[in-house]
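Consider the two complexes below, in which chain A is the common component and chain B and chain C are the respective partners.
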Partner chain A sequence: MTHIAEASPVQSHDNTVPAGPTAKATARAVNVTYGNTRAVKNVDLDIFTDEVTALIGPSGCGKSTFLRCFNRMNDTIENARVSGDIRIDGEDIYGATINVVQLRARVGMVFQKPNPFPKSIYNNVAYGPRIHGLAAPGPDLDQVVEVSLQKAGLWDEVKDRLDQPGTTLSGGQQQRLCIARAIAVNPEVILMDEPCSALDPIATGKVEELIEELRGRFAIMIVTHSMQQAARVSQKTAFFNQGELIEYGPTADVFTKPKHEQTKDYIMGRYG
Partner chain B sequence: MPSLPKHTLKAYDAELDELRALVSQMGGLAQSLLEDAIAALLLRDSKRATQLIAADKAIDTLEIEIERLAVQTIALRAPMADDLREIIGALKISAILERIGDYAKNIAKRATVLAEMDQFQHMAILPEMSRLASGMIKDTLDAFVERDADKAAAVRDRDPQVDSLYNALFRELLTYMMENQRAITPSTHLLFIAKNIERIGDHATNAAEVVYFSATGNALEATREKKDRTAFATLDDWQSK
Partner chain C sequence: MSNANNPLTSASSALWRSEQMQRRIAKRQVRDRRFKRLGLTAVLAAAAFIVVLLSVVITRAIPGLSQAQVSLEVYFDPLVIGATPDTAATVAGRTAIVYANYGQLIAEAINRRFADVSDPDKQRQLRTLMSPGARAALRRKVLKNSDLIGTKQSIWLYLSDDADFYLRQRARSVEPLPMTSLTTKAATWLNRLQDENLTRRSFHWLFFQRGDSREPELAGILGAVMGSFLTLTVTIAIAFPVGLASAIYLEEFAPKNRFVDIVEVNINNLAAIPSIIFGLLGLAVLLNVFHLPRSSPLVGGITLALMTLPTIIIAARAAITAVPHSLREAAMAIGASPIQVVFHHVVPCAMPGIMSGTIIGMAQALGETAPLLMIGMVAFVVDVPGGLSEAATTLPVQIFLWADNPERAFTEKTSAAILVLMLFLFAMNGLAVYLRNRFETRW
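Then we have the complex of A and B:
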């Protein structure tokens, strides 16, 4: 467990043990298998509310699979099996008492391709708060929608056309709409799986600026193939290769003097 | 040092190779300019010294070329880790070599003046200082090309030798000047020449520190031995000896 920050004591698999003093979420000895293939091998990682953690690594390295463990998205894949210990605020999210629908409200997710519902802009954002009973229809819900769109930096662009379909927005606006939708249910953790790979540089810049603004309110984990993006938006970087967490540390260190040869070769674009 | 695997993009490797080659070439020119200027001085070859004054231009041109290529590579390749440190290293070393070139050029200028003067005191220490400083430049550049941190650290450890020779020469020249007023002008030129070489040694040391950082990502420990004591010298120090 050498790549874990010292502040976070190693967790046993006993439900009574609290999480480390500052970690929002902890993963210990996490393994994910698809049938006979081990996609994630014995990974330990902590994520913190005041930091963005970037997961980088070559395609198939297990970073997205690992990310999806945090809101149990892997449950939806038939032959995927997750083992190990994942906690949010010390609570085992794979525990018997966990309501997965509630969990996914606490742990929001933004995907590679913007996927607004085929509903109005308003209803895209209002959907979550409504089904989770977080706001009564009417002025309360209007307020939640407005605040969420403001936090997502989209309000000024859409306030005059909230009744139009979300799909009429540009790609970058759709992605920010999806972020507004995720934050509307007051999540604690936001997972982003290559959120900018379908966006142009300007839209990417807006999403990155948004990530920076959201940092501190949510623990954010982002999977990205863009080394530059990881360098720009994150405070901690985790490099995965072939299912293993190879290196984890402050982003500035990982990109200027990585400790492991594999990390170094990957970020420099060198392959033997 | 283990060599790094090649980049997936071959053109990127080619650019880094070119950058290293340019730095190496620039170092070679600065080194020869120093050696040739000292040779011209000792041979009292005013014509050769005049040619050398113009030769410094080639060094300046290379610095501009290195700057252009480094900026281009940073802009187009977004270098990371070792690659980034190496490119920044190339930029810093080229600026240092340009300065070394200026010092060597200044030696050539003084050589043209000294060649016209009465036979000045033969200075056995000068070529020795120059040989040491020139060796430091060469080994720094080799360490850069080979990414050899140990070699760079060893260069820095040699600077005190240059400083010691400079102290000795300083004392010797001061003695001549006290004994004979007519020796003051040539001795002052010689003193500046020696000071130039001493500064070249310092610059080579700085370049070696850059190479060390470029190779390892860590700064070389700050404690380095300084032997140049002439900044604190008074006339009394020498008269009492």
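Then we have the complex of A and C:
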């Protein structure tokens, strides 16, 4: 692991937070290789708590792989190797003192395909708080489940059938259940890997509203194939191509006056 | 029309309506139908085999499940028993009752019935009509109720297996087979008893209450059932946890290296090893090295567990691999530790498949004879085993022993035992299916 401390904006002399907008998470010189393939090449990126960061780019450009560096899900892939420096609140998440299991609770993740547990709706949400001991079983846990489902905008739809399997919900409801499950453990960052690609437009709209509501409470990174979605939900957009971060800036700028030719071509729909 | 086959040159309407295309479609449909018919025939053939098997076993077993009895007037002679109702409670009286010569009581009773037979040789023949079990039955009666001493009672007593067989043949008006040791004279005596309505057939409860015996009419299946039960308990107690743990480790935690590859290949090889080899292993290691009790359910169970392990491991691994990766990711992403991912999510999801593999393995173990022969479970065991270290035999071995026995009446016992074995199997599978349905998570 190479530490490039001077490149990190959150690094000050005594490791305290300097004035101005501070990055919740920083990535410096991040490389990911699968065997001999370099999927992510030298990426630097900061994300902020009050913003949604969208990662866009053609298929296979490494944006999902990059996203999965933040909760170390790449560790579970046999031959994946991650190098570089990734910090959350200044703490190196690939450092020796980091507990991966705990990190994954702090950095929640929502997947492309809704993947609720084959358990009841209640237990889907209660599972995280239960294994981390965040709430005592009983009224405390009930409260966490209710609040999480409310935050995910699902409470009114499921409050009468919490004991039914999560898999009986519709696709859009399942995805919001997955979001409720992620926020139930009170994470700091939420990673979303194409959360709407399996949903119809109405369900997509609901999830996008939800993302807007969650903004400010959590730092959110979202990988999306839909440029309209990136434009609708994000404040910052990062354009990836062939493993490299081509352009990163405020969403409005990236979409209206892209600095790079490649970004422009992609946004104009010339490839991807 | 010659060009109609070429998709590049012909118009699509012509292509799909051409005669060749119609013929091709018809040919495909014929193939479909032929295959469906073949499949149906195969299923029906398999079902027919099962029906034939079951009906043969059941029709053969039914005679073995009933037993002929004769009503005799037995005088409980205090002089023969050596005790009276008054002395029965004393130690001496009780000892006398236990060791009394009940054969003499029966001989006297039957001699009274056939007063016309006075030749001692003929009288001896008369006595052979009775089962040796009749003596034990009398002893039980007196032990239960000592007031019988000094009285005369009409008591239903078991006839010998040969007499039983003769009466059954007579009822079907078939000439008795020459295999029976009955003399013509004995046959006429039996005819007399039957004509005087002093014989009856009743359900053979004793068959389900006793262990093995040299006398077919006294041989029971309970010993073998208990032996099988105890053996399989040991087998599942070892094979299921060890197999499941191995499968989980190999699928979820094992590093991918040469050593693990070799282990995997060898597990697959183990599944193909003839079962008698496992018996040799049990003999060489469990008996000769560890000196565990010979022919005990403990040793049998361990041996069968070794034999069943590969089956369970292979099935459990297949079931674990089939659990969608998205479920593991979901659990990991919420911060579940590897053990939590496995035991909260993967194993419950794979449980139906694991149970199926376990059922197959246990069914194999239940029907296994060869390895048990090697470790001495082929012994003649009269007592119903009550513990894991007592001598026992199992159902298939009992069937093997009875089938090997030249006495005519044991063939029926063999079929009855097969029936019991199959019921045992159905009960076990039923339990497994019930458990599987209970644990099955809706996906």
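The rule is short, and it goes like this: the second predicted complex is superposed on the first by the 250 of 272 C-alpha atoms of A that agree within 3 Å, B and C clash if a C-alpha of one lies under 4 Å from a C-alpha of the other, contacts with A are read in each partner's own complex, and residues count from 1 in each chain.
To be clear about the criterion, a residue touches a chain if its C-beta (ideal position, glycine included) is under 8 Å from a C-beta of that chain, and two chains touch if they have at least 3 such contacts.
Predicted, not measured: the structure shown is a model, and the values here were computed from it.
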{"item": "Touched partner set for A:Lys119, first chain B, second chain C, both or neither", "value": "second"}
{"item": "Partner chain(s) touched by A:Val82 [first = chain B, second = chain C, both, neither]", "value": "neither"}
{"item": "Contact breadth on chain A, by residue count: chain C or chain B", "value": "C"}
{"item": "Which of chain B and chain C A:Thr167 touches, first, second, both or neither", "value": "second"}
{"item": "A:Val158 touches, of chain B and chain C: first, second, both or neither?", "value": "neither"}
{"item": "Chain B versus chain C as contact partner of A:Met109, first or second or both or neither", "value": "second"}
{"item": "Which superposed partner A:Ile267 touches (first chain B, second chain C, both, neither)", "value": "first"}
{"item": "Residue ranges of chain A in contact with chain C within the complex", "value": "71, 73, 76, 78, 101-106, 108-109, 111, 113, 115-119, 127-128, 131-132, 165, 167-168, 178, 181-182, 185"}
{"item": "Partner chain B, residues of chain A touching it in the complex", "value": "227-228, 231, 255-258, 264-265, 267-272"}
{"item": "Sites on chain B touched by chain A in the complex", "value": "4-9, 12, 78-85, 216-218"}
{"item": "Partner chain A, residues of chain C touching it in the complex", "value": "256, 324, 326-337, 340, 344-345, 348-349, 441-443"}
